[in-house]
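Before anything else, here is the set of structures, which you'll find just below.
Paired with chain B in one complex and with chain C in the other, chain A is shared by the two complexes that follow.
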Partner chain A sequence: MARNHAGQFYSGFNRLGPWCSPSGSPAPLSCETGCGEGSWILVCRLLVPTQVSLLSMEEDIDTRKINNSFLRDHSYATEADIISTVEFNHTGELLATGDKGGRVVIFQREQESKNQVHRRGEYNVYSTFQSHEPEFDYLKSLEIEEKINKIRWLPQQNAAYFLLSTNDKTVKLWKVSERDKRPEGYNLKDEEGRLRDPATITTLRVPVLRPMDLMVEATPRRVFANAHTYHINSISVNSDYETYMSADDLRINLWNFEITNQSFNIVDIKPANMEELTEVITAAEFHPHHCNSFVYSSSKGTIRLCDMRASALCDRHSKFFEEPEDPSNRSFFSEIISSISDVKFSHSGRYIMTRDYLTVKVWDLNMENRPIETYQVHDYLRSKLCSLYENDCIFDKFECVWNGSDSVIMTGSYNNFFRMFDRNTKRDVTLEASRENSKPRAILKPRKVCVGGKRRKDEISVDSLDFSKKILHTAWHPSENIIAVAATNNLYIFQDKVN
Partner chain B sequence: MEGTMFARGLKRKSAEDGEDVEGGLAGTQATPSYSLQRQSLLDMSLVKLQLCHMLVEPNLCRSVLIANTVRQIQEEMTQDGTWRVLAPQAAGRAPLDRLVSTEILCRSVREQEGERPAADVGDGRTPGLVPGLSAVPSAQALRSPQSSLWEVDSSRENRGGFQKSLDQIFETLESKTPGSVEELFSDVDSSYYDLDAVLTGMVGSTQSGHGSGLQAFTAVATPPPGSSCRSDLGELDHAVEILVET
Partner chain C sequence: MMLSKGLKRKREEEREKEALAVDSWWLDPSLPAVAQAPPAVASSSLLDLSVLKLHHSLRQSEPDLRHLVLVVNTLRRIQASMAPEPTLPPVPSPPAAPCVADNLLASSDAALSASMASLLEDLSHIEGLSQAPQPLVDEGPPGRPTGGSPPNLGALDLLGPATGCLLDDELEGLFEDIDTSMYDSELWAPASEGLKPGPEDGPGKEEALELDEAELDYLLDVLVGTQALERPPGPGR
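Our next item is the complex of A and B:
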């Protein structure tokens, strides 16, 4: 087996990728290669560990055993376990998931060790905590769901990790920190914590810190509440690391991390007369480098770039991105399928990617009148739009992600399929995240949907697709070819094996 | 699947009624099957909106998209001049409808359980799709009697349509837990309507001035225009009042 200069091991030979190098010469770092068709292997499949959280981290337990032993049957999965958001932190060491039950589970990457080479790349449970609880709005007689809509990590500035998590109404800042030392030798308490009789204390001593088994604790540091009338769909941390924004259907608010009782409204598209409402905000994100710029997308398929320096209320956009409608494809569903479900800046800050129902589009910030690239995710659904409207699938909100080098984009589809598009080679691949294909370390086989006529052996016909199995949430490691794919209550982690 | 965009159930209907409908569409561009399909889409959308209204937390984005679709259909139908087309099958049932709809006002919600619309709920779902809303039978769209365009001969159809839509609502209610039904009919603060029940009023206030069937289901009482349908509207308002217990 060859070892490249980064110390990573490669095995086998990749026959599929156009970018693979012949054996003998050092392979490029995985993040620099396109991976439209690279060989992806399953690293691990994780279930939201409702029972793992009860175990103390102090016990000497092989965490991989935990994951395996809690691999429940599908019938055990409750609705609360459905994963609703997935996000790597800025180094990729941690992976956070939020679920419908208001819980956040953080996984940590297994450290590379000489003894167990194959364990590197696996993620194990690091911390679990209840972020949001269901609430009841008495004024409106409405229940507020505890489902976690989004998680965003803050860049690490000290030993602790910080993340924002939000449900429909409230954003919370959580601090996740490790404790591996404990003070011993208190004066007023004995070793079991019982108070000592002050009369028996004759000397004073300085408590010393002694090592203890690692404990990871999560504490809520800030709660940002009561600022949103409508449902929060996005949060985004600003590049100044001091502010962040939260966006609901009609408004976007700017917060300072230190101030919880005040936020600034920077976008408000609520009409004076609600009867005139025809468009809502669907997603928003700050520019990765320019702390004054952000974008937000709408249900009419438009994106607006705003500059906070221009005015306090950014109702007037700096740039307006919209693609002219294709008259030949016009139908009653045109507007619905043009609604943008996700918008993401590229890491470079030069492009934005949008996801609507059938396509993913890449836009150049310097060109407003049309996208520079359009990728068909599942165009075979175009003739099924009425059925999909009937069963509400047409309103599913798929997310999209960039890889670390902005060369590949990924998004989900139905039947537990997810798609990757290599922007350079223009090749794409469809893969499946399912238990049947879940042999660890086995290479994923590309899937294909047959649109009509003769169905080949390994293809699946459109009518056989399972529309209840949808991949809405995916995440890509910031620098390596490791992806996390959420399928209902399962979290799949795949890695690209460069050969 | 065939190239058709619409539920399979519709194709059967289209074959049956195409002839009759065509007669009434002289001069319009819409083919019979297209207009029936469009009608079905309108019905489906209205039902979806009504369901939105009843959900604990309506999804605003979804509601807005559906409402825009409804508006598009209404606009196109207005341009076609098909907005006042009457489906022939409703004519024969008119007397029954009239009786039934008066009866509604005297019955409690739970008594509606036993009643079902006669039309079949065609199962147009393709295999593999998640069972969602059942296909809406190709019925008259709910029309507000406020519109002066069809006040003359549409009064019967209005109530027929109203009857059907009410049944659909009651069907939905049954499937919910008793608790949610209570919640539904509990006193709702009027600010709730301002905030989230946008569509109950908004769909109706298009430039064309056509009322929306949805308006019949709000507690917002707008005074009806002086018309021969005043009595119809009164009955509808009364029904609405019963529904929301105001």
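Our next item is the complex of A and C:
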């Protein structure tokens, strides 16, 4: 595939500087599986520019000048730039981010070349488009936020890329395609596109396709609207590649990609009497292989596996996953911290992973009464729950991800920390995504939070944690040890040095 | 400075200025946090905090349902720990009218408000929370107050004096944003319940009110006045 000019144009603004070749001390011992908990390096930090003139299909290449007054400085970033979702596509070649301003930015992986081996793993801007605009619901006099809640890629079936992006109310299917030829020699139009007077045409010619500078264009192909009363929290593409589901607080709808004016309601937990409402849906996902199965999680810490073959309305679950409450840890906040913020099937389809406020749990689909693994993300916060309730941090929704082989899981925390857990070796590591501590190609130093007693030199005490710096969204390349970590408006890409 | 979700309000800003210290009034710091059993009864400040959060959440034009449900459930736990009898007074099952009203709505605002209203009325049993005279809420089934005062003010009084969150006491102020298409005659079922927390929640929020005849007439008079001012004639009117 040809290099695209859009990427080259942007890349100068995105790189931190000339890359230095890997050097320095040898990487620390990494575990046998190569998850490299001690050997992650920063590949690049991508700051999405805030003043990009939006590219339109009709614009000529020459006039598509990028506004040079990029706001590159982190301190000028606006709230609209806060990244709200990150997702690799199925090959890992593309990485999409959505932000609070309704914009989608797609990064493409740098092509490998023998001359510049150390640049492998870099991602450059491939396409930027405004997916959702702020809307106003006139009936209810409510503003509908344009923030992109989730992006999900469709598997690639032709030269174009397709992704779903959603805000609180509307899901859109976007087609991202490249154009590197354009027709020239129209009979009725001149080269600028102006209509010619038919009376002046004396000969006919056949338009020919001529090469042009590569242009990446994004077009909305479907808009799936007006199906959700409540806020959409999840979308999931089915393994049949024909349907997908969208889940809000109380309902889950099944869509066919071709049909936008109809959707099937497959889960409805809205009580007849709203006074009885005690539980909401927090996340949902299709099984990666069985197109009839999906799971959804709840604010009460439960997961339900449903089979669409059983009935049209899947209000009765096939399986119900819940761990009994630990009596020694019971508090007034027990329910809030048990609320599941994310649920993800493993690539194998045998396990599901859930994230609640303090832990990540791995469940075997064949065992409903308790998870098979529980990992403490930041248990030192357990004594701070009341303060975290006060400042609403206890309601933060962290996501979690599997690596390609399902051997390592990753999730975010506060102070720009994120955590990785190796399921085989049971080792874990805390890393930090921050500008101050990361030079390009530098090896990330594991971080440690001091929970009591004497604080060592490199440790940080719990009270010094910055709770405004939260890593909610991370993504792992489907087959390689490359991860994307979103910290406010910065996107960090790290790579395992072992590779 | 720590960020908190949702709108920033002065009260919360003051709270945020405090460092995230160990919650010493919550737990005995000498004991390991994990093994510490929670106090049998929640402190009143935790209760107040939760009520504040609930009210704040309800005042959003479109409340975050998850946040709301979690706060409400937490509040129920706190109340259960404080009240001698943990069972809540039974809520009268509403007849068809609220369901009809609910069907009219694209969102659940009114019904949700109703559920919050009943919860708030439950909370009124806790002393110290409400400075409204007890009989206002205790008389009869919840939601059906004594005559004279507008019905939805009963629950609002719970919040007003205690937390100072009630902004507008005037009857007209409460109704000025109502989508009056709801007030077709067939929908006036006396046993329907509802509560709108505040007038600034935006037009389009519809109410199912529990009224007796005198109040019904009074309110209709008010509505006709505001309706003439604000609503262009619509179909079926």
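Criterion: the second predicted complex is superposed on the first by the 442 of 499 C-alpha atoms of A that agree within 3 Å, B and C clash if a C-alpha of one lies under 4 Å from a C-alpha of the other, contacts with A are read in each partner's own complex, and residues count from 1 in each chain.
Going forward, a residue touches a chain if its C-beta (ideal position, glycine included) is under 8 Å from a C-beta of that chain, and two chains touch if they have at least 3 such contacts.
Predicted, not measured: the structure shown is a model, and the values here were computed from it.
In the superposed model, A:Gln262 makes contact with neither chain B nor chain C.
Residue contacts after overlaying the shared chain place A:Arg330 against chain C, while chain B stays out of touching range. Applying the stated contact rule after C-alpha superposition, one finds that A:Asn391 touches each of chain B and chain C.
Legend: residue contacts after superposition of the two complexes on their common chain; A:Lys140 is shown touching both chain B and chain C. In the superposed model, A:Glu275 lies in contact with both chain B and chain C. 139-143, 229-231, 249-250, 274-280, 282, 299, 331-333, 335-336, 339, 383-393, 395, 462-463, 465-468 are the residues of chain A that lie in the contact sets of both chain B and chain C, per the superposition on chain A.
Per the touch definition, chain C reaches chain A in the complex via residues 1-6, 12, 15-16, 19-23, 26-27, 33-38, 42, 46, 49, 53, 61-62, 64-67, 69-70, 72-74, 77-78, 81, 91, 93-94, 99, 102, 106-109, 111-112, 114-115, 118, 177, 202-205.
Contacts from chain B toward chain A in the complex involve residues 1, 3, 5-7, 38, 41, 44, 48, 56-57, 59-62, 64-65, 67-69, 72-73, 124-133, 135, 183, 186, 188-189, 191-192, 194-196, 198, 201-202, 205.
Those residues of chain A whose C-beta lies close enough to touch chain C in the complex are 139-143, 229-231, 249-250, 270, 272-280, 282, 299, 328-333, 335-336, 339, 379, 382-393, 395-396, 462-463, 465-468.
Chain contact summary for the complex, chain A toward chain B: residues 139-145, 168, 229-231, 249-250, 274-280, 282, 299, 331-333, 335-336, 339, 383-393, 395, 462-468.
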